[in-house]
Structures are given as C-alpha cells and as structure tokens.
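Some notes on the structure that comes next.
Chain nomenclature is as follows: A, B, C, D, E, F, G and H, assigned in order of appearance, with residue numbering initiated at 1 for each chain independently.
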Amino acid sequence: MNEPFARLDHDRVARQGFPEVVFASGKTPAQLAAIVAEFTARSNRALATRAHAEHAAAVQASVPTASYDALSGLIRVGRLEPPSGMSRHRVAVCCAGTSDSPVAEECAQTLEWAGIDIRRFYDIGVANLDRMLAVEDELRAASVCIVIAGMEGALPSVLGGRVACPVIAVPTSVGYGANFGGISALLGMLTSCVPGVTVVNIDNGFGAAAAANRMLRAMVAAAS
Amino acid sequence: MNEPFARLDHDRVARQGFPEVVFASGKTPAQLAAIVAEFTARSNRALATRAHAEHAAAVQASVPTASYDALSGLIRVGRLEPPSGMSRHRVAVCCAGTSDSPVAEECAQTLEWAGIDIRRFYDIGVANLDRMLAVEDELRAASVCIVIAGMEGALPSVLGGRVACPVIAVPTSVGYGANFGGISALLGMLTSCVPGVTVVNIDNGFGAAAAANRMLRAMVAAAS
Amino acid sequence: MNEPFARLDHDRVARQGFPEVVFASGKTPAQLAAIVAEFTARSNRALATRAHAEHAAAVQASVPTASYDALSGLIRVGRLEPPSGMSRHRVAVCCAGTSDSPVAEECAQTLEWAGIDIRRFYDIGVANLDRMLAVEDELRAASVCIVIAGMEGALPSVLGGRVACPVIAVPTSVGYGANFGGISALLGMLTSCVPGVTVVNIDNGFGAAAAANRMLRAMVAAAS
Amino acid sequence: MNEPFARLDHDRVARQGFPEVVFASGKTPAQLAAIVAEFTARSNRALATRAHAEHAAAVQASVPTASYDALSGLIRVGRLEPPSGMSRHRVAVCCAGTSDSPVAEECAQTLEWAGIDIRRFYDIGVANLDRMLAVEDELRAASVCIVIAGMEGALPSVLGGRVACPVIAVPTSVGYGANFGGISALLGMLTSCVPGVTVVNIDNGFGAAAAANRMLRAMVAAAS
Amino acid sequence: MNEPFARLDHDRVARQGFPEVVFASGKTPAQLAAIVAEFTARSNRALATRAHAEHAAAVQASVPTASYDALSGLIRVGRLEPPSGMSRHRVAVCCAGTSDSPVAEECAQTLEWAGIDIRRFYDIGVANLDRMLAVEDELRAASVCIVIAGMEGALPSVLGGRVACPVIAVPTSVGYGANFGGISALLGMLTSCVPGVTVVNIDNGFGAAAAANRMLRAMVAAAS
Amino acid sequence: MNEPFARLDHDRVARQGFPEVVFASGKTPAQLAAIVAEFTARSNRALATRAHAEHAAAVQASVPTASYDALSGLIRVGRLEPPSGMSRHRVAVCCAGTSDSPVAEECAQTLEWAGIDIRRFYDIGVANLDRMLAVEDELRAASVCIVIAGMEGALPSVLGGRVACPVIAVPTSVGYGANFGGISALLGMLTSCVPGVTVVNIDNGFGAAAAANRMLRAMVAAAS
Amino acid sequence: MNEPFARLDHDRVARQGFPEVVFASGKTPAQLAAIVAEFTARSNRALATRAHAEHAAAVQASVPTASYDALSGLIRVGRLEPPSGMSRHRVAVCCAGTSDSPVAEECAQTLEWAGIDIRRFYDIGVANLDRMLAVEDELRAASVCIVIAGMEGALPSVLGGRVACPVIAVPTSVGYGANFGGISALLGMLTSCVPGVTVVNIDNGFGAAAAANRMLRAMVAAAS
Amino acid sequence: MNEPFARLDHDRVARQGFPEVVFASGKTPAQLAAIVAEFTARSNRALATRAHAEHAAAVQASVPTASYDALSGLIRVGRLEPPSGMSRHRVAVCCAGTSDSPVAEECAQTLEWAGIDIRRFYDIGVANLDRMLAVEDELRAASVCIVIAGMEGALPSVLGGRVACPVIAVPTSVGYGANFGGISALLGMLTSCVPGVTVVNIDNGFGAAAAANRMLRAMVAAAS
C-alpha cells in the first residue's frame, strides 16, 4: 500500500496543550520505531505509552537516546518544555496500594516528561485512614490531586472530601472477581458522593497526566 | 386448583434462628392477607417485607393488630422473643445518606421486631469523614455494624477499617446513571480492600438484619 | 427514632471549595424542606438538585425565597459568593442536542448560583461539524469547557481536540436502544482518543459544575 | 465418523453476491487445508479469514498458490471476477488510528480479492479533525465509505456527517479499560447521531467488505 | 438564556443526502413545535420521530398541515423530493412478527416521506420458514431489504442468505426476559453468519430508512 | 397499507406438535382480536399469552367463548385435542415460591389447554428442603418436571438431582437488586451442577409447556 | 488434611438416570486420575469431560483402558449399559459450522458412551438454508434433535420450526466481537420465537447429551 | 523515587481484629519479599495471598522460614496468636466440588494461620443432597459455616436453610460459559431465598476467613 499508515500531528501543543503521544499497543515494533523516530527528528522529543520490551528494543535501535521503563511501559525521548510559571505548581500523585504502582508511574513519569513537578503519595488506601490523614496537609498544598485506586476505588471520594483543588480519579484493574477488570473502581468513582471528582479510563495514568496538564496550563495562564 | 399455593414453615426458628418472613412483592393483597393471618393464628406474630399500601389494607382488614410502616414497607404483627442474653448486645445501623433511610429502616425495624437492641447512625457518609469519626467510639461498642450506602458504597470500607466487630454491608440503589440500580455500590462493597466485610443483596435491609441475628445468637450461645 | 436523620455539613466551602448541596431524589418532600430550611437559616443560601414539583412545593412553603426550575430540577436559595478574581473566568457550557438541555441547565444554573460566569453553546453536535467550528474561537476563550452529549457522546472528543483548556465531559441518557441509559455516551467519553478529557457520571450536570468550580478556584488562587 | 464435517456451498455468488469464505478460527489446520483445497479445486479461488501462521502453513502445503498476510490474517487463492462495470466504483477504507490497521487490512484486502478498487485513508481519527477535513473531497468521491475505529469510535459519526454515500462503520477492539473489547466503539456507532450509518460486528473488516460488495453490485446493476 | 437552544441545519440534503429530522423524545412540546415550524417555514417540509400525542397536538396547533401517526410516532409535513431515477427502485420492508410493526412503520413511512417506493412483508419470521420462502422472489426484486425482528432476531440471517442486495437489519425490543430490551436481537444480527448484513440501533426504523436512502441515492447516481 | 399485517400458520400442529399461539404483548387490542377470531373461525380454538385486560375485552367482544385469566395473562378458546395415549402421562408443575405463581399458571393452564394432565407443586423452594423431600415420590411419578423459580433459582438443581425424568427449568423475575430481572435465576439454572437440566427464557411458562408437549408427544409416539 | 477431597456418588444412575461424570477442569491431573480409578474399580466405567492432554496422561497411567479424544476433551472408560429398548431411538446431533465440532463431539461421544445411537448433521447453518432442508426428513425421523450453534445461534429456531420432537439447543462460543464468548448465541436461543426449544449452557455438549438421555429413558419407559 | 512504595500498618490487629495481609498479585517478587521481610522483622509473622511460585522463591530467599502452598497461593510466616477462648469454636469450611479446593484451601489455611480450629467438608454440592444431609449434624455444631461453590452456587442456600449459625458464602469462578467467571454463583448467593446468608467476593477465600475471624472474636468477647 502506498498510502501513509500514520499521519503525525506536529501542532498539538498549540491546539491541545500537549504534544501527540504514541499508543504502542497494537502497533508492531517496526511501526512504533518509525513513528518515534519521526517525532524525534522533528522536535527532539517523543513519548510512547503501553510499550513492551520488544517495542523498546526496536525503538532504541533507531533512537538511541530513548529510555524505557518497564513498570510504567513508557518510552521517553527528551522532554516537553513547560510554560514559564509551571514551577509554582505541584501535582500530588496518590495511589491506594502498591499494586497500583504501574498506573501511578505511567502518570507520574508522563508529568515529569512534561516538565511538571510531582510528589508521590503511594499506599494510602482507605483500609487504614490514618495513612491519608497523616499527609492531608501536603495534599492540600498541591495544585491538582490525581488519585489512583483499584478494588472498590474509594480513595478519590475520601480524599476528595478533604481537599478543595481539582481531583482526577483513575480506576485501576487491580483486584479480582467482582472487580471485573476495574469496573468496580470505575463505577465507584463515577458515582462518588463527593462533588467535583472527575474520572478517566481504567488504568489510564497517562490520561490523568494530560488532564492535569490542561488544568495547570490554565492556572499558569490565569496568573500571567 | 386444589393444591396449596403456599406451604408455611413453622419450624424455622429452631432450624435457621429466624421465623419465616413473607416477601409481599409479587403476591396479591389477598394472598398476603391469608398468609399473615395463618402465621398470626399459629404463633401470634408475623413479619412481611416489601409491602405497599394495598397490601397493608388487606392485611389489616383480617389482622387488626398488624402495623404498617410506609417508609420501610414492613407489616408487623407481635414480635419475636429473643433468647435470654440478647439484651447484652447492640447493633449499629449506619447509613451514608438520608436517601438510604428506607433500606435502613427495613433493617432497623426488623431487628426491633426480633427483640434486638439497635442504635441508628444515619447520614455519616464519606463526603465528610468527620461525621463518622465523631461517632467512632460508639461504633466500636456495637456487637455488629450494619453499614448501608448507595452511590459508590465506600462507607463499609472506611468504617470497616475502624472497627473489629462483624461488618455487614448493604448496597442501596440510591443514585443515578452509573449507579445502575445499586451495582456500583454492590461491586464496591464486594471488592472492599478491608478484610472481613460481608455483603448482602442491593436494598436488602431485611437480609442484613437476619444475618446480624445469626451472629448475635451465636454470641449469646457462646456466652451461655 | 431519636437519632438525627441528617447531619448537615456547614464547613464544606472551606474544605472542598463548594457548600453541601442536597440530593432531593429519594428524600420525602418534608425531609427536603427541613434540610433546605436549616441551610437557609444558617447561611442564607441553599441548593437542591433532582427535585420534582412536590419537592419544590414543600420547600417553598417553608422557605418562600426558594426558586424552582422544572427543566433543571434545581431549587435555589440565595447564592454563593465567589472568591474575588472569579469574574475574570468564563465557563463554556456546551451540549450536542436540544434534548440534552435538562442536564445542561442543571450545570449552567449551578454555576450561576456559585457566582461563575457562563456561556451556553447548545445544539452543536457532530452531526454537523460546522456548528462547532463556527464557535471555536469563543470556546478557546473559555477557562473551562463542559461538554454534554448523549447518544454516542462524540462531542467531547471532537471539541477536546480543538481547545487546550480543561474539558469536562458529561454523558447523558438521551437516546434509546443501545444507548442503554447513557452507557454508550459514558463509555465513549471514557475511551476518548483525545488526551486529558475527564468524565463525570451520566446526567451529572451538577457534578461537572462542581468540578469546574474546583478548577476555577485553583486558577483564581494561582493568580493571587 | 462417516458424516461430512463440512458442507461447501458453491452457489453463493449467485444467491448472495459473494462466494463462501472460510472462517479459520476454531478449525484445525488440517480441516482448513482440506476446505481450501476443495474450494480451489472447484473454482480456482478461495478466501480464508482469521488464519494464523499454522493455518497458513497447512494450507500452503496443499495449495501452493495460496498467499498469506499475517497482519490481516487472510489466506487468499486466486480472486473473484467482479461484474463488469465495477471498475467505475471505488471504496474508501478509512481508519482512525494505526492500531486499527489489522482490521482495515482484512477489509481492504478482501475487497481487492473481490476485484473492487479501494483507497486507504488511515490515521484520520477525530483527535485531529484537520486530517479528515484534508481528505474530505476524496471521501466524497467514493461510492461507499468504510470507517473503522476503536476507542470511542467517533469517526463514523463525524465522517458520516460530511458525505452522502453509504457509510459502513466497523468498531475495533483497539483500546483498553472501558473499551471492553470494542464495546465502547460498537455502542457509539450504533447510537450515532448521524442518520444512515450502519454497523457490523467488532473487528469485522471482512463483513464490511461483504456489505460494500452487496451495495456496489446493486449500483452496478442499477446502471446496466 | 439568550443563546439559541437549537441550531437548525438546512443544508443537510446536499451534505448527507437526507434533511435534518427532529428527534422528539426529550424535547418539550413547545420546543418541538418551534423547530417543526421553522423547518416548515424554510422548506415546506419536516419530519419528527418518536413523537407522542402531546407533541403532535402542539405541532399541529402551529403547523396545521402536519400529520401524526400514533403507531410509528412520526409527525410529517410535506415530503422530500427524491432525485429523478428513484422510481426505478423499491425497498422491501420486512418484519418477523406483528409486534414489530411500530418499528416497521417508522421505517416504511419515513421512506414514503422521502419519496421512495416500498413494499411491506410483515409477519414472515423464521418460526415458519414457508412464509418467507413464499415471497422470496419478490424480495430478490427489491433494491434494498430492510429486515426488522425482535426476540432472537434470526430473520436477517435467514433472509440475507437468500438475496444478493444490501440487507439492513433492525433489532427490536419485542420480547421479554433474556431479550433485555432488544439486546438478544441486536447481538444476533451483529454476529450473523451471513456476510454483508449491516445493523442499526435497536428499534431504529428511521435509521434504517436513512441508510437505505444513502444506498438508493448511490444507485441512482451510478445510473446517471 | 394493503399488505397483510399477520400471516397465520394453520399447519403448525403437524410440523411442530403445537398450534400457533398469539403473543399479545406489543399488539393492539384490535390486532389481537382479529387474529384470535381468525384462529377460532378456522379451528375452533385459540391461545393468546401475555394479554392484559384491554386485550381480553377486545377479544371477548368478538369471540364470546374466549376466557381470560388475569393471573396467567392467558386468553383461551376451546382446547387442543391431545394424541391418544397422552392420558398416561402427567407433568409436575413445581415452583419455589408463591410469587412465582403467575409464571407457573401460564405454564399449567397452557398444558391444560393442550389436553395434558398436570399436578401443581407450589412453594417448595430450597429455603426449607423438607417441603420438596415430602413430595419427592410424587415428583418421581411424573413424566416431566417443570421447575419454576426466581431469586437464586436453586430448585431445578436440587430437584433435578432427585429425579430421572426430563427437567425443564424456568427462571422468573421474582426478586430484586442483584436478581436483575431474572438474570440470577437464569444463570443459576444454565450453570446447574446437575446434568441434563434444560432451560427456557425468563418468565417463559408458556415455552416450558410447549417443550413438555414435545417430550410427551415423543413418549406417546414411542409407546404406539 | 484428612477429610476427603471428593465424595463419589455411585447411585446416580438410579436417581438421575445417568452416572456421575467427572468435570476435569480445575482438578489436578493427580486428583482426576484418582477419581477415575475409583470409578473404574467400582463399576468398570468412567467418563471425564473438559480434560486436556496432561489430564489424559495421568489417567492413562493408572487406568490403561482409558481412551482420550483431544477434540472433544473426553476421557472414556468402558461404557454405560442402556435400558433395553433404547436401540429404537436415534438422536440427531446437528451443528451450524465446522468450528462447532468440539462441542458437537463432546455431545456425540457422550451419547455413544451411554449406549445411544446418534447421527451427525454438521455444517448445516442458516447461511445456506438448502443444507438443512436437504436433511429435513432425516431430522424428522430422530427422537431428539440436539442443535449446536455459535455466532447468532439461529439454527435451533429454524430447525425447531420444522420438527415436532424435543429440540435441545446448545450455544457455542464460536465467533468474536459481539459474540462475547457465546452470549449472542445463548440469548438468541433463549428468546427463540419457536415454542418448545430448551437450552443448556454455552459449549455444554455434555449437558445436552445428559438431557437427551433423560428424555430417551422416559420414552423407553413409556413404551414398556 | 524517594517516597515509600508501601506504608505498612502494624496496628491492625487492635483496630480490625486481623493483621495486615499482603495481596501479592500485581506486586513484583522483589516488592513482595521486602514487605514480607519487614512484617517478619517487626512481628515474626506474615501472610501473603495470591502468590505464585516466583513470588514464593523471592520471599523464601529473604525469609527462610516462609512456607508456600501452591494450591492456595498462600505464603505463611509464623502465625497469629488467637484470643484465649478461641479454642471453644470451630469453623466448617464447606465446598461444593473438588474444583473449588484452591479457594477452600486459601480460606482454611488462613484460618489455621490465625489459630482457628477448622473442619473441612468438601465435595458436598447439591447434585447429590445426601452428601450434605449426611454431615448436617456436624455442620450444626460449627460456630460459623463458610460455604464455597461455583457454577450455580446453590449450596449456601440449601445449607443455610439447615443451620442457625452465621453462614458466609464464597462464590468461585469454577464453571464455564454462563458462569462468566463466577457471576452466576455470585448472583445466586446474593439473591438467596434463605435469610441471613452473607457473601464475599468471587474466589475470596481469604475474605471469608477474615469475616469469620471477626465473628469468632465477637463470640469470644461475648463469653468473657
């Protein structure tokens, strides 16, 4: 076939506040490597999500500066230059349990790649409220809280009841049985009794980072 | 038809620890009245759940001592004699929001009919943790906690993390959209990260009371 | 019963950035009227959602200053004083079709009650892209875009690809058949190919308003 | 067993406008090879879908002219002779993202095997409307548009709003979490706000090709 | 509110081959009447679907030429002028059982409003194959077959195996229990073993008519 | 429209062993009356299921010999002549609770209309095994057992483990919450650990009767 | 642990008409081998379903006469002696496509093990009605028809409309996408418009054989 | 990252009656080994659930006293000291079939680790009631009955109807087809017709043990 298999979008930062990112899942290693190479050639940076080891090997063969993190599944080249004023903000990346860390790291490392300061609050789930209450003041100091949880997904409700900043909830597929691949956490977050909690897709750490980026850029713009 | 349309079970207290109760939904008022009358004639007590006003009218026409509570949907005649020693125990009937009160009352009034001491803790949902923390000591003094919640159903997890006694979670259909008639709360309770929380059917305040009755009778038996 | 059936939370503005709001559905008119009266007595303002005409009549009998809007189902008393600096921001409340207007009005009028400036962009669904493209510049001028759609719920993806500000997607139950009460729109929004779109519950215009309020307050704070 | 395990249908072109095609999934390589050999012996052509490498090896051992394409999973022998007049028509095979290309290729290569002229428009999803708008005139020149998309599946609605020809939507299982194996895209396409979009099964590139073949044959017949 | 609640699209015939149609469900009678009046004023024709009697009364009060059919739920004003050459084509509107007739009539009468010749084949479901086989020749003479069925929705598969023209399947919500509001028929049609059957939403007789219109216009264009 | 809205099938007894029966739901009273009248005129018997009172009134106006039973929703005219030898067989119609009696009566009265001898065993659910064990010998004497249950639908498994004859399980929508309109009972019956239990649709008492009729006719034929 | 891990049931033929059969899935090879050996020692016959190759190896090491068929997953030792008179009956084992043959063979070989005469009718699905119509007379000669189909599962409806004997429908998981592991076929069979079709679990060829055995034994008994 | 990836909770016995237990699934072997080592160092005991062989190897490398049971997936170090008086109680761990034994063993061995006396009653499912009736007296002697079943999950209803003590039902994913990974058993247990049966998550043997521990500690406390 002579038609292009991918049409890259180099103007997304202006239009959406975040550059185009490559979803590796379902692409062949060769397709992924070609796309990452083209992004790198054009802008000296690239980010791919949901990559496995073979993806990483193919990419690194053609883009030696690419780094790969197996826990998060991220391939990163360079980084995004944040707007000036971004350094005044910090995002709290919270998760309920250690098993949520792959999703939390996808989120945290995407934010780091985007030049955004983060702080991790891991393993503060509601089975022991004291863990969250112990860091409550730090959470209140964040500009945005991203709250990642599997199983019943109760942490965003509980945490969202304690802070006034934007709260982005990320359900994870951690659990079994009636978790149904994250549905229990997803539904719990969508039906939260705490007003103003918003939700992204199951296991979508990247999407939460992108949403936080939109919010932070609006805060930076408001201050300028 | 000459065959019986109902076969009443008068030995259930001995076998299951709780007498047979009549599920009014789907029965005609006349069927319900006949069954309640037969129970009353036999043992001077009866309990019917999920009754609406027409059910109540038919029952009260033939059993004048029957009382009806529209909020809980219960029709009650007489009461069950609890085993001696039951008065040492108290059940905490907790609910997250005022909208859960029909289910909570079905539970609370069933327990009262069974001669069990209760205490209501209503509207202590996780949108404001302070409300639950304020009554935490009283909850710890209960022999069993029944925790009723709709929406994301997070209260049993949070409360269950603060008490050591048996916790029975009751999801309710309170909510809309992704609540799906109580599924969000049900799944949340089944996948709770707090060990040892057990669950009954959506809106099943009666079932939670029956489960508490089993537990309390075992506690009474253990002490005798 | 002597225990309280409702425990009102008068400190929520400080803690969550938004006062406690009353979810009328499932409450009796009398319960609702009592709660609204108590809020009004305490702070001279109240907001109730999902109220029907009987709710409104009961409330207005005890709180004559309460207004009721049947389309949105909102009962409003007074209004919230926004933080200074809020007037610099405007929220775009967008919906795909005229049938989405009950949800859109719940959202818009909640924001108005909270002292937030809004602009309505109704009936700009993707069946005719020209309608959205015609107002694209106005959408880019908003601080937050709330995008409400039923059926396949494609508008948040399409619109979110054209603006850099935060985008809050609200699925509605408008549709039939495979809409399944809003599931098609909900799933479509959760799986949007546009990064950074966040989602609230089906038909939850109020929740979107509360989320926007969190974001705007953070923008105001960033600028001060 | 002496009974036949397969009963081949050699008259389907006359009856349905398309010959019988072999669904490889669930068949043993030996079964598949026997069926393809019989079709080839009879009509000098065969098409098998959903074949994996072992299927292909077995087929090629007995039918050396069979070709195999791993991306689409198609095994092809010979080709179908289209009705005269078919060359006046062209099908636009569109997909939203590169990850949809296995389904798109199953569709495109089936059409090519059936002697139908196609044009590929890949990676034109709604995250960047400009990509689709840039090829809009070419899409309008097609006799049929097949639109393949995963995730929220919004492309058929958006594209269907811009062309007057028949639009066949193919949901794919590309995505994760609330994609639920393609359900989000399927429901989105079924509930499209654009009238006249029809839908085939998830990942069913072959079925879309067969539907387009029915439509094109009717167009050819109308012109003769 | 000063913003428009509806933005009418008067160029749709050129762009999509069918004028904008009004989905009455969820609109107030007053909203519907205003929209229908505006369409009538502009183009002397209008079509509204899913209208109930109060909708019809409001519309007829302002547009006296509007007709209303309670079975199909259609409000019609004037009619669409079909392209010349359309009279050479006929659509077979088939349904499995008499209970499917509301959906079938929505489809048939929409086609009639669009100036398309139809023939009804009702009550030819697979419980008695002889009924369909008896009209097989007439079905083969149609340019497009629309096949409407509830319950297990088998008719499109069976009929689609006997004709070579385009087949549009419409699942209906006729049935009970495991029909689940039309899901059984919908899934059956999506997974049909007959290649080239396309599907629209449950009970979407209108959508099937619009799809047929797209196909017929392409046939007319091919012949000119 | 001039085409027939119904095509009656007068040869079904020969082909399927049971005459055509009219599914009233979704038909207008006038449609139903016309169909029943035509059947009565032709064969002096008719059976309609799922009829409500208005259906019955319309039918009885034109067919005075029609009887209507509100509990089962059946309209009956005349009866079917069973094959000679049928009187040697008896069907046990069992149900778990009194609330299942509408479904049980649809089944029992259909069998009676078909000239088949039945015996009712109602309210023998597993909450008290003694009720079923008490009638076990009578159940073993039946030629076919039809077992009707809602809630968890356990009775067919338990009863099916005690008898060797064919067991037809009928799930009912009796229950609430996680019953989901009969899904819990349906799934329970489909996954029964007792081999050889077959299942019909939720609330489908009629279908169970028709299945029993097929089996009994085969038994009668075997004996002749 | 000293308690037994299995309690074998050697009286099932008398009670249920079929001996206990071992469900291999989820058992270790050692557990399976021990159970099969015990059955063989007691009655010189055994049947295990859903066995994989490792199961078979373990069983054959301790019971050398055991045979294993990989397609059906059955392990068989000896066979069941049918009641005298069984040889007058024949079961038609039908399936829609070649991909259904694993389920069909589980059914057919179970019946053969039980001493029941069968005839296979494979690949007679509704995509080409002529295949089924060609064998219609043979199907009418069977005492029971078992009809196995995946995808939309239409064959039991179509075939059930042509025969008067008992019809047992078996949905299979053959298909993809909206097949959802057999749900489409299952729902289609449960909602069949043909009265008297009964259904067993997805892929449950064994269960269909057991159901047929119950029916045939009743026929044999009727004749004696 | 410098923040902790796990925050261990050493006070849970006091607060919840059971120490923190490690959910191995989703954790790396290294993460698990570190957590188990820290628990062992602190309290000389640890329990991990859902561990596979690589988890076990990593743990045993750093904590040599750790034992691993592959059937249950448990890693155990030391054991919990039960409150005095616990030895008066015994838990009946019942399961329906041998295939349920992994879940049953997770439950049984957790209880043993917690110093609680148990008795196993395996393979007593309802396909043969005699097996359960034979041990009924022993079941009545237990303080708590845990009832584990897959497929239709009927055993808790049947058993719960025969004992008066608390009954904890555990659905398992044993089965196939309409079992849907345990949903059939889960729904069956939630909708049980026997009052007072409570339910935990699918395959959650550990959760049932924790719930029993809460009940037993309350019984011990009641007696002291």
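In the analysis below, contacts are C-beta pairs under 8 Å (C-beta built on N, C-alpha and C of every residue); 3 or more make two chains touch, one makes a residue touch a chain.
Fair warning: this is a prediction, and the values are worked out from it, not measured in the lab.
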item: Graph separation of chain B and chain E (steps between touching chains); value: 2
item: Any chain that touches chain H and chain C; value: A, B
item: Identified repeat of the E-F interface (over half of residue pairs identical), from D-E, A-D or A-B; value: A-D
item: Chain centre separation (chain B, chain H; CA means) in Å; value: 26
item: Inter-centroid spacing, chain G versus chain A (mean Cα positions, whole Å); value: 50
item: Centroid spacing, where centroids are CA-atom means, of chain E and chain G in whole angstrom; value: 43
item: Junction residues of chain H, two or more chains touched; value: 15, 97, 127-128, 161-162, 177-179, 186, 190-191, 194, 201-202
item: Touching pairs among all chains present in the structure; value: A-B, A-C, A-D, A-H, B-C, B-F, B-H, C-D, C-E, D-E, D-G, E-F, E-G, F-G, F-H, G-H
item: Chain G contact footprint on chain D (complex, rising order); value: 1, 3-7, 9, 12, 15, 20, 23, 25-27, 31, 35, 50, 171, 173, 181-182, 186, 201-204
item: Chain G - residues contacting chain F, complex; value: 14-18, 21, 88-89, 143-144, 160-168, 186, 190-191, 194-202, 206-207, 210-211, 213-215, 217-220, 222-223
item: Touching residues on chain C, where the partner in the complex is chain E; value: 97-102, 108, 119-124, 127-128, 130-131, 174, 176-179
item: Chain G-touching residues of chain E, taken from the complex the two chains share; value: 96-97, 125-129, 151-154, 157-158, 161-162, 175, 177-180, 183-194
